[in-house]
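Structures incoming, each one as structure tokens.
Next come two complexes built around subunit A: one with subunit B, the other with subunit C.
Up next, the complex of A and B:
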């Protein structure tokens, strides 16, 4: 197994979230992976697609289903130097949501902008 | 091309590990370098030495082991996902005073840093089972 290498230029890495916050542990696992990645000084971005927009909703109360509140952890992302946070415009509008319903200031992107974002990355991890 | 793979699905209940294996095997046979297969989420079940599928069904764990030996691939299992699901090596079994270990030979337990390392040091990282 190779050790984590120190490289001169950070790589652009996009984390793509596609899943709802509960019902599966994938959203939490994606967040764990993102927070772990923040320690390696790469150029990280995160994109919320489709059902994943629900991860960012205010006023979640998953205690009722014995789960930890994801939306309580997501606002720490900027403190971990993860400031490029994107959300799919159509995912918000088709669910009757707006940016004001979210716990994080995410940049809203149309489909063409999402394609351009993905195209600009050195690696994409999807969850 | 240098590739890495992330597997998020358990064998038998998800098609993810079957698709991942087919992709890995084909890529290797075409001459691409496969740096690492990282097992995360339910994918950690791929590394269980205690699974006994019927003989006429896919022997998922053995197949990964054989591919890793033939093409010198890292098979890395995320420690946090593995502990939650009861996949442990000898070291973790001792640490948590468990009655046995069940990490199949050829797999190793490590942290999420290995997933990021795969993304950084591969030309492409392909995820299966998200």
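Up next, the complex of A and C:
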């Protein structure tokens, strides 16, 4: 019989968002997976790349297209102990956006820092 | 009669809107829907083309429910008019055919 392994240090897991909200279900799926994963006391980070920076824009109101407001749920992440929230600097600037346009205080990263962040993970889930 | 173009991809990560604008002629209309509405932003990579074509008689619209959903209300260029779902229907009826870019 194999012994049951004792649980060691929490695993570092990075959730990478790459899609704009509402055009597909990917943004919602990422958030659902992230909130579910938060129950397992792992070391979670979330990164918004490219089009995904649009998920964080203020003043979203998708009532008329019968979708749930993503920007209303994203600010709860710190309450689920998800405090490592990152955003791609070039994705923001190329879309004419600044950190003040966002619903969450995310840490802005350059491409080298994003590479380092990914290198440090035990697992990466891309949405 | 003239063409109505609909575009549903973001201009920031797809060439869908660029391809549409390349064949747009005076009296055509372009309706941006779903993620296509990002193409109407002041920071849009297609802003210059939209402004030029608008001056040449192409009409530009963005579907209001999709604009509101994405929080883009005050970020759109002046040449793009907001259209309701009812306006969408009217545009389809008023044009000879609809070319859907997706």
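Following the convention adopted for this analysis, the second predicted complex is superposed on the first by the 121 of 127 C-alpha atoms of A that agree within 3 Å, B and C clash if a C-alpha of one lies under 4 Å from a C-alpha of the other, contacts with A are read in each partner's own complex, and residues count from 1 in each chain.
One rule holds in what follows: a residue touches a chain if its C-beta (ideal position, glycine included) is under 8 Å from a C-beta of that chain, and two chains touch if they have at least 3 such contacts.
Not measured: the values here are computed from a predicted model.
Peer 1: With both complexes overlaid on chain A, does A:71 touch subunit B (first), subunit C (second), both or neither?
Peer 2: second
Peer 1: Using the touch definition from the top, say if A:21 reaches subunit B (first), subunit C (second), both or neither.
Peer 2: So A:21 only meets subunit C here.
Peer 1: Answer with first, second, both or neither: which of subunit B and subunit C does A:97 touch in the superposed model?
Peer 2: Only subunit C is touched by A:97; subunit B is not.
Peer 1: Using the superposition on chain A described above, determine whether A:59 touches subunit B (first), subunit C (second), both, or neither.
Peer 2: In the superposed model, A:59 contacts subunit C only, not subunit B.
Peer 1: Quick check: in the complex, which residue numbers of subunit B touch subunit A?
Peer 2: Those in contact with subunit A are residues 6, 8, 35-36, 40-41, 74, 76, 80-81, 108, 110-117, 119-122, 124-125, 127, 130.
Peer 1: What does subunit C use to touch subunit A in their complex?
Peer 2: Interface residues on subunit C, with respect to subunit A: 8-10, 12-13, 34-35, 38, 41-43, 64-66, 68-73, 75.
Peer 1: Which residues of subunit A touch subunit B once you look at their complex with the stated criterion?
Peer 2: Interface residues on the subunit A side: 1-5, 7, 11, 13, 18-19, 25-26, 29, 32-33, 36-37, 39-40, 42, 123-127.
Peer 1: Subunit C touches which residues of subunit A in the complex?
Peer 2: Residues in contact with subunit C: 20-23, 50-51, 54, 57-65, 67, 71, 94-97.
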